[in-house]
Each structure stands twice: as C-alpha cells, then as structure tokens.
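Look for subunit A in each of the two complexes below; its partner is subunit B in the first and subunit C in the second.
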Partner chain A sequence: MNLINTMIILAICSIIGIGFYCLIITRNLLKLVIGLQILVKGVMIAVIFAGNVQGKIEMAQSMAYTIIVADTIVTVIGLAMSIQLRDKTGTSDIHSISKLKR
Partner chain B sequence: MPLIYGLILAVLVFSAHKATRVKGLLNSALWLAGASCMTSILLYVMGAPGLAVIELSVGAGLVTVLFVFAISMVGDELINSDVFVPRWLAISIIVMSFGILAVFLILQRLPEMQTTRSEIFSQLFWVDRELDVILQGALFISGVLGILLLIAPSVTKAIRGGKSK
Partner chain C sequence: MAAVLIPLIIFTPWLSAIMLWFIGDQHEQAEHTIASGATVLSAIFSLLLLLEISDETLLISPIGPMFGDVSFTTNAMSVLLVCIANCIGSLTVIYSAAYMRHEKSLGRYYGMILLFIGAMSGLVLTSNIFLLFFFWEITALCSYQLISFYNDDPNAVRGGLKALFITQFGGIGLMTAALLIYGQIQSLSIPEFIEAARQGAIPTNVLSLIGFLLIAAAAAKSSQFPFFTWLPDAMEAPTPVSALIHAATMVNSGIYLLARFYPAFENVPGWKETILVIGILTIILSSLMAIFANDLKRVLAYSTVSQLGYMFTAIGAGSVLASQFHLLSHAIFKALLFLAAGALIHSISTRDMHQMGGLFKKVPIISVTFIIGALALAGIPILNGFWSKELILEAVHEGTTIWIYLIMLFSVILTAIYTIRCVWLVFFGTPRSDRKVHDAPRLMAFPLVLLAIGTLTSWLFFTQINHAFSTSLPLHKIELETLTKMADKVLSDPLTYIAIGMSLAGVGLWFFKKKKDLSFPLLDIVREASLNSFRFESANTGIIQILTATSEGIRNLQTGSLNWNIFGMIAGFLIVSILLLIGGR
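So, the complex of A and B:
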C-alpha cells in the first residue's frame, strides 16, 4: 500500500469522524452547521481520492461540484434557520427548534 | 511528495479539530476557513484544480462571509442544555466506526494514484451532465429564494429597530 494513499485514507476518516462527532455532541445550531461543513469536506476529498485511484478524476470532479452546491445551500438554509430560531426563541439551542411551529 | 501530502493533511485535520473544539463561534468559523483552504490545496495536489478554485472561493470565501454575517446577527452564547448522547459514547462510536473503516481501507490493495486524464472535463461537465448542471442552477436559485424568505422578517425588524433609535 502506498504511503500517500494510507495518509489520505487516515485523514479522510479523521475528518469525517471529527465532523460526525461534532454533529452528535453539539447543541448550538451554528456549530452544528460547522460540523456539517467539516463532514462534507471529508466526503468530498474521499470522492476525489476514489476518482483519482480509479482513473476517473474528471467524473469525480463533476460529482464534487454537485456536492459543493448542495452543501452551500444546506449551510445557507441552516444559518437562516439559526437567525430565525434566535429571533423567535431567544436562543440557538437545537432543543428549542420545536418551538418554531406556530 | 509524501512530505507535502503529510504536511497538508496534518494541517487540515488540525484545523478541522480546532474548528469543532475552539471556544467562540467566530474562531470556529475562521478555523473552518483554514480547513477549507487546506482542502483546496489538497484537491489541487490530487489533480482537481478546477474544483480547488471553486472550493477556495465558495468554502473559504462565501461560506465564511455568511458565517460572520450570521454570527453578528445571532451572537455567541453558552448553551447548558443536556446532550443527546454522552461524550464517552460518542467518542467510542466514532473511533470504532471510522477506525475500523480506515483499517479496512488501508488493508485493501488500492492502486497507485494516477495523474492521467481519462476524459476532458468541460465535455463531461457541460455536455454529458448538462441536465445536472441545469438542476444545480435551479437548486442554487431556490436556495437563495429560501434564505431571502427565511431571513427577511428579522432583517427588516433589525433595520426598523435601528431607524427608530
């Protein structure tokens, strides 16, 4: 096994693990979005790595564009929701997200 | 070359870890921007320069600006409610799942990384995946409309509040 491949796989698993841990453990909605961003970065590197190893880097690149677009939209909606949550409930705690319904 | 990869990956993992653990949301957003920069450098080294440019401009630029905007509106706060999952259980779940995944992937005999281009990227992106690109544009526009609808009441309230003072 190549040393570079091993390092990249370890880094991908670490980054996805860090993002997943942040998603599990955090309660602030803004911090949750940061964790999601980190998770998606790990997944994107994994897609590019897989494409590189299989010799289909162009296909992987065009797929990763879609990941970036979808991730940005999710981030924007999450940030807007956090602003609304703070506006309506006075806190950014995700426990209070059920109070948004009228 | 392994030294360059190791350096980039170490800084990337460190930035990602700091982004989740550091106190203060603004600091987290800045560490996230750092992680995004390192991701784009890694993508460039791995042979995806077009994607690296997009990642740098969107991940480190647009998303950071949006985060700073949101943090300035929401503010930083310490939340004291209960966590869904205990910390030790979360750490053990993560280490077991992703650690085992890493070991399995490393033990597999993956081929060496290649630098050859199988197809021309623009042909693939603009011709073969034309419908996907159109759908991405529609998704982007719907996202912008979504944030306008979600954010509009609080922004107008903040502007009115500022004017009344």
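So, the complex of A and C:
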C-alpha cells in the first residue's frame, strides 16, 4: 500500500471519528445534524475510495449519488424539525426535549 | 382437478372474509348469508377433494429457493382434516346465524372464523413446512381474536392472551424445527425431509432435536401436558367458536403434525415414549379436573383435553390410524356437545351446572342430541366414540406395557364419571333454579341433528377411511382392514367388554357416591388439587411474574438519550468487528 492510500484511509477514519465524536458529545439538535453531515461525508469518501481501489469506480459513483440524495433529505428534515422543536419548546437541548420516562 | 380445488378451498373463505369487511356491520342478514354461503361452498369443494386422494405432491408454484415451493398434498390424513374443518365450519356458521343474532361487530366475528377456516385448510394440505408455519400462526391469531371477541370482558381478554402466549411456545418450536430441517436438507419440503430422515441422511442428534421440538409444538397447540391450562380459559369465546376451533379443528393440528411426521421419527429413541407419557399424564389430570368443574363449558373443555390425550397416546403406541379415526369421531361428537351446550346456555343464560337440572323434558332436541354426544364421549356402543376408543385401547394393549393399559382403563372410568355427572346435573334430577328455558330454534337444531346423525354413523365409513389411509400414506404402514373385520376383532376381544364394564362401573360408582353422599378424605384432597389446576396455574403466574420483573429491570437501560444510543451502536460495532477478526484467524 502506497503512502497516498494510507493517508486517505487515515483521513477517512478521522472524518468518521469526528462525526461520531460530535454525535456522542453534543446536546444541541442543530449541532447533531452537523455531526451527522460530517459523518456521512466521511462514509462517502470511503465508498469512492473503495470503488477506486477495486476498479469499480462507476459503481462507487452511483452509490455516492444515492448517498447524496438520501443525505440531503435527512438534512432537510432534520433541520426543519430542529427549528420547529426550538420554536415549540424554546430549547435545542435534546435532553430536555426527551420525554421518555426513566 | 385437485390443483384447482385446493386454492378454491383456501381462498373462498378468505375472499368472503374480505367481502364481509366491505359490507360492514349495518347489513346483518347479508353477513349471515355470505358467511354461510362461503363455508357451505368450501365444504362442498372439500368433499370433492375426497375423490382426489393420492400420495403425490402437487406443485402449485415455485417461489424461489428461500421459501421452497408452494406445494400441497392430498393424502388421506390431510383431506380428512380439511373435510372436518370445512363441514363442521359450515355447520357452526349456520348455527351462528341464530346464536349470534343481533350481536355487535359481527363482521369481525365472521371475518375471523372465515380466515380461520381457510388457514386451517391450508395448514393441513400444504407439504411445505414454511407454509405450514405460516398457516399455523394464522390459526393461532384467529383463535386469540375469537377468544377475546367480547373484548369488554376482562376474562375474555385474559383468556385470549393466555392462549396466544402459550401457543406461541409451540410456534417457536415449529419454527426452530423448520430452520433445522432447512439447515440439514436445504429444502423445506416435508416429503423430502421424511425421506432423508428414513434414509439416515440426517444425524441422529439433530433428528431427535427436531422431533422433540415438534412434540413441544404439538403439545402447546393441542393443549397437552404441561401446556393444558389455556384451553379451559379459552371457553370465554362464543360457543360456536369453542365448538369449531377449540374442539373440532385447531386443537387437532398438533395431533396432525405428529401423525404427519410420524415416519420420520418412528425410530428416534424416546420419541414415541415421550408422546405416550404426555398423553397419559394429560388424560388423567384433565379427567380429574373435569370431574370437579362446575362450569358446563369448562367440563367440555377438560374432556376435549383428555380426548386429545387419547390421540397422543395412540400415536405414542404406534397406531396413527387409531388416532386419526378418534380425531374424526371426536371432532363430530365434541362439536355436537359444544353446540348443544351453547344452545342451552343461550336460552338459560348461565354456564353453572348447579343452576340447571331437570331440563330433559323442557328442551327435547337439545337433550337428546347432547346425550347422544355424551354417550359417544363415554365410549358406549355402538356410537362412533366407542369404536375409535376401542381401537386406541387395543393399540395401547398391543404396543405398550400392561401398566399403561391399566392406566388407560382407569381413565375410561374417569371419563364415564364426568360424563354422567355432567348429563345428570344438567338434564335430570330436580330443577335448581327457576330460570326460563326454550328449545333450540330451527337454525340451531339443524346442525345439532346433522351432527347427531354423524355421531351415530361416521364409524360405518371405516373401510373407506382405512383404504384411503393405507394407499395414500405408504410410509405409515397402515394395515388394510375392512369394517366387518375390525368390528369382528373388537367385538370378539374380551378386553372390549372389560372397557365397557369399566364405563358402566364409572356410572355406577358416581350414582353410588351420590346416593350415599359419601365423602373420603382422599377425594377432598384430589378435589382441592384439581380445582387449583394441580398448581399449574401458579406456575404460569410465576413465569409471568419473572418476565415482568426482568423487563422492568431491563427498562432502565432504555434512557432515550441520543448520545448513549450512538455510543452503544459504536461499541456494538467495535465488539462485532473484534469478534470477526478473532474468528477470521
């Protein structure tokens, strides 16, 4: 494995790691959506990279398009919901919004 | 021909169930008419199937490697059960037109009954174990829905849930067995599995595991030891439902399952013995409970459990024909008993036998038909119950040890005692309440009379049944025999007279105790135990308590916090990855 590939893998791992870290620590709904975005971008790079390594780049491209579409919908609905929730409850803190009994 | 009849038998009830849903509850008469018409039609189709009996498997459609083929069989055992399900089904639906008149949500009632009849036909006709499981679960669902039909009554809801919960143990057993079979032969076809098992292509330990899982499935569905507590509580259902589902058809599917797979497990050590022991324990415990119960429908339910125990014992003793012959007799006379009891309960509006008495002259049709059914239940000659019970006793005598035969004779006494007690308390003696009664209306009397005629005559078809069984089920090794030979064998056997003597002794014993008003300390202990269902009810409650406590404990893990959920997902992903890495080496 050459140096560039290793660096790309490291980059992918760190982007996915940042995304996960963001999802774990943040309590703000808006920041959660941003964390999810970072995570999905990492996954998308991973898919394209895997396609390139395997020599099936057209397959990877079509999967990347699918991810973009799905990801956009998730983001749009997530952002809309977080704004609606902030208007209704006056806060973006997911712990105070949560109503599940402990 | 059969390839056309089978879809018709299954889909006629199903399509009319959907039709009932569209019609809605405003048009009561239309609902009665459509339901009766559909069931009569499918009964005619099922009788036509009698002409098509063969041992071949019919392929309707291949649906890919995952689920196997949609294949059906028309062997004698399946066709017999289809005829029972559809004919008794049509009679109970006709009876319901009078019994359920002016009830609420009739669409739900008829829809579930029609769904059930179609699923039951599918269950017995299919030769694909995946489809068998599919239909098996539909029947369980319909049973649950119909037990809880009066859903404003907490007892009915509890009874339905209990039935659903306990029969699910059976469902899990059947599903696991199906998966194991698929794992072994990469096919879900029942004939292929039986062939593989007979040729020794399946390792013995796996084969025994499959066999015992199927016993668990059958015992839960047929309400056998230790699962027998759900059937008496299922009596909260409307009486036609009890007659159809909890006496004549669904509870027989366990017996059918064991009989169908019998050639595969015949030589598995301990398989037949386990069935025998389950059957015997069920017979004794449920007969004792029937003797002390006071609710008319509960007595009939306990007697159903004990008669199903007879069929289990017959399979355990190695006589599939005797078990299926008793299944036919029992389906007819027990449907008759339930429908007659239902007509009585409908007019007197109580189920407590201590509030009845002296009704014989007031309700002549009900009492005569009920007594015919009761005599068949007690095994009095020449009714159908007598012949099939004698065949079972003979099979037990030939296939097992003398001790088991003696226990069976003891159970014959118990059967006679609870039957005579029930008949006497309801129809004879002095009236114990001043409730008004009237005889069955014409729509109810028609099924009663037909079933009574069936009880008197169904054993005359022994030659045909035996011939069909021995030609279409070659692996079951059923001897070819005619009615005259069978009757001659039964009547010339001294054991037959011992059994009849035992029945009469039971009747005499009950009258003796009643007249002298005796009481023994031992009897009181037995009464106390049987009224408490021999502590099986407490065991059920214990299991429920443990489950509730566990789920309350686990509930704390579900915090609803997104951060924790993400953390859990990553941790799970890491654990699985590490396990895969270790396993990959």
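Brief remarks follow.
The definition used in the following text is that the second predicted complex is superposed on the first by the 97 of 102 C-alpha atoms of A that agree within 3 Å, B and C clash if a C-alpha of one lies under 4 Å from a C-alpha of the other, contacts with A are read in each partner's own complex, and residues count from 1 in each chain.
In this section, contacts are C-beta pairs under 8 Å (C-beta built on N, C-alpha and C of every residue); 3 or more make two chains touch, one makes a residue touch a chain.
Here the structure is a predicted model, which means the values were calculated and not measured.
Legend: residue contacts after superposition of the two complexes on their common chain; A:92 is shown touching subunit B, with no touch to subunit C.
After superposition on the shared chain, subunit A has more residues touched by B, the comparison being subunit B against subunit C.
Using the contact criterion defined above for the overlaid structures, shared-chain residue A:3 touches subunit B, although it does not reach subunit C. In the superposition on chain A, contact is made by A:25 with both subunit B and subunit C. Shared contact residues on subunit A (touching subunit B in one structure, subunit C in the other): 20, 24-27, 95.
Every residue of subunit B that touches subunit A in the complex is listed here, in rising order: 1-2, 5-6, 9, 12-13, 16-17, 19-20, 25, 28-29, 32, 35-36, 39, 42-43, 46-48, 50-51, 54-55, 58-59, 62-63, 66-67, 69-71, 73-75, 77, 79, 81-85, 87, 90-91, 93-95, 97-99, 101-102, 105-107, 109-114, 116-121, 124-125, 129, 132, 136, 139-140, 142-144, 146-147, 150-151, 153-154, 157.
Interface of subunit A with subunit C (complex): residues 20, 23-27, 32, 94-95, 98-100, 102. Note for the complex: subunit A touches subunit B at residues 1-11, 13-22, 24-28, 30-31, 33-35, 37-38, 41-42, 44-45, 48-49, 52-62, 64-66, 68-70, 72-73, 75-77, 79-84, 86-87, 91-93, 95. Residues 556, 558-563, 566-567, 570 of subunit C touch subunit A in their complex.
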